[in-house]
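Same chain, two partners: chain A is paired with chain B first, then with chain C.
So, the complex of A and B:
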């Protein structure tokens, strides 16, 4: 088995694959990271699903259904990349997610109540995700990097679609513009917290960076996001809220005053203890349990018991 | 009678236009509402793989709905008028597609898809040589996708019906769903009532309501818009679905099968649900669904004309 020092020495982009005999620490850290990512795809899809129906036109409805479908497809890809580390099966990860043990992005713990909130996810949060995912194409676990190629490609369309929804709302009636501004003010701090705690508060960062799983620090990603998205928000007529305070540096880039953000709430969410998020976890659990009988039926029937998921009738 | 020319919507007589609208609204509304129901399975299907597959079906049906609504667009209707501002009672879809799914009832999802997709295939075949070139042109594209839907549904039906637990849960659930859905599936072949106001006189009597609609039905075939009658389609449908469902070990409710194994589509009032869909009568579930999919449109006030200036003080 490769020892940890060798892993750290070799930790370049797409360096490791299932052919490598990697130490448990690496495989567990990579599993935790990819599982989090996969869970987030599923919970993001769960959150957005009602807006397929509530889309205000057929074109939007089609695009939104396709988007939710893409997220499920990303989840599928990512669980496969995580499974290939040999630590947990997809079923175990989905069960953990249902039982409240699986972790996922802070933004997907909040309820999504109205169409005007949709671009907060599909433009800002997806845009933030794009930034992080782009760096993960150079992660050291090759199956993860490979999944990111497809995910980044599709995510690009989602962000464009989200941007188009935002633009439509912000050029719509005065009422639409006001509702969208209100939603933005509510979501803005959460969006900034998407990138997680500051580097000095992040528990997993050092190891993940040392073994090449993580390519950029939370702080760098957050600041790069602000540089890109503050001008975009302003372009569509959104006003940046006063809190959290955002500092413009001499070179025109931005940095956030981190103490203005609610980190108690963030860490409550991170423990899956935030009420609305719990409701969403349990809602998905209920949906998963309601179709247990189907999985049991096809599993009892599958010629190869155990091992691979039945594919024929998917 | 000479087949009318449907290539120029501007030139249609009132009767021709009525026949075209009646035919297309059924097609479009069926696809649109079924897609709405299918999307309920997104992020809720039994496996990630089946989740992706059902999302595909939903998007296919939505795409078809859009193609059919576009035909009505040629007659001057907008999407707003056809979808977001049409009164729920003006929709003409079959009640089969509007029924809600009970949570986790995957047997319903696949059986409903099967019952619908067989009917859809037959209906599209009867439109291949439509006298309306816009209709005929759309058929081929749609047929390709529907064929896949039916295969997918049958594949699942067979797994659920046969499973090792053969006499078990899958079979039981399918039978319960079949009993519930079958009468609603028969409404696919019901005639549409004529447009608003035209059949008011018929509302009171028992056998009359379908007569006024029948004139439009006769026109649809006489004008060559569709090359088979609803009865013919219904008989073909029974001849396919009844033996198939029986081969899965399911008991098919009263279906109009005659002693010699032939099918006659003689649907009686008793065989149909109280709401027929085609004539604008719908179940309560439809109103809830309608309220939900028009929610954002109303919330944003998109139906209100844009005000040029605020009301002066």
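So, the complex of A and C:
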């Protein structure tokens, strides 16, 4: 088995594949990271799903349902990449997500109540996610990087469509503009927290960076995001809320006043203990149970499909 | 025996089908492929695959969809304001390239 020092020495982009005999520490860290990512794709899709029906036009409905469908697909790609580490099976990950043990992105724990909130997810949160995903095309676990190629290819449409919704709302009636601004104010701190705690408070960063799983620190990603999306928000006439205080440094990077953000709420969410988020988790659990019969039928019906894994005797 | 040839222009890109060669075995197929398909266009790598090893499914076997206008699926369909994040531009470029390549070969 490869020892940890060798892993750290070799840790370049797409360096490791299922052909490598990797130490447990690497495989567990990679599983935690990719499972979180996969769960987030799924939970994001469930959060947005009701808005397929609530889309204000047929064009929006088509595009939005295509987008939600893509996100579910991204989740499936990522479970595959996680599964190939040999730590957890796809079923275990999906069951953990259903029973409240699976972790996922803070933003997807908040209920989405109105169409004006949709671009907060599909423009800002997806834009933030894309910033991060673009760096993960250079992650050291090759199946993860490969999944990111497909995800990034599709994600451009999601972000542009989200931006198009924002543009439509911000060039709409005064009422629409005001409602969008209100939604922005509610979501802005959560969007900034997307990138997690600052580097000095991040628990998993050091190891994930040392073995090449993670390519950029929380602070760098947050800076790159703010640099791009603050001007965008302003361009559409959104006012950046006074809090959290954001200071632009001389070098053009941003410093966010950490204490202005609600970290108690963030860490309650991280433990899956945030009350409104439980509705999201249980909602997906019910959906998983409701379609159990589909999975069972497919499994019972396809005893020889694929053929790369021995079938159980039953 | 016919071998289908797939060319990769640059490291990291996909191998795309570019033609075929007649050859009695894999070694000869590789040599012929290099001569016939690796000389004029930029080539980083070639694959040769026995034609009978290729699985095909066509429009008679299955309905593929794709008959309706799905332009809403492409980033290029949206006119937004101001410069985009570079990863968004990259994605849009990849989509534009893929759109252009539809129907090639």
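Note that in this section the second predicted complex is superposed on the first by the 294 of 314 C-alpha atoms of A that agree within 3 Å, B and C clash if a C-alpha of one lies under 4 Å from a C-alpha of the other, contacts with A are read in each partner's own complex, and residues count from 1 in each chain.
Everything that follows uses one rule, which is that a contact is a pair of C-beta atoms (placed from the backbone, for glycine too) under 8 Å apart; a residue touches a chain by one contact, two chains touch by 3 or more.
Worth saying up front: this structure is predicted, and the values here are computed from it rather than measured.
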A:298 touches, of chain B and chain C: first, second, both or neither? first
Partner, of chain C and chain B, that touches more residues belonging to chain A: B
Contacts of A:66 with chain B and chain C, given as first, second, both or neither: both
A:130 touches, of chain B and chain C: first, second, both or neither? second
First (chain B), second (chain C), both or neither touched by A:272: neither
Contacts of A:235 with chain B and chain C, given as first, second, both or neither: second
Touched partner set for A:53, first chain B, second chain C, both or neither: first
Touching both chain B and chain C, residues of chain A: 59, 62, 66
Partner chain B, residues of chain A touching it in the complex: 42, 45-46, 49, 51-59, 61-62, 65-66, 68-69, 72-73, 75-76, 79, 114-116, 169, 172-173, 175-176, 179, 284, 286-287, 289-298, 300-301, 309, 311-314
Residues of chain C touching chain A in the complex: 70, 72-75, 77-82, 84-88, 90-92, 94-95, 98
Contact set on chain A toward chain C in their complex: 59, 62-63, 66, 127, 130-131, 133-134, 152-157, 159-161, 163-164, 167, 228-229, 231-232, 235-236
Complex contacts: residues of chain B adjacent to chain A: 32, 36, 39, 42-53, 55-56, 58-59, 62-63, 65-66, 69, 79, 83-84, 103-104, 106, 152, 155-156, 159-160, 162-165, 168-170, 173, 292-293, 295-297, 299-302, 304, 306
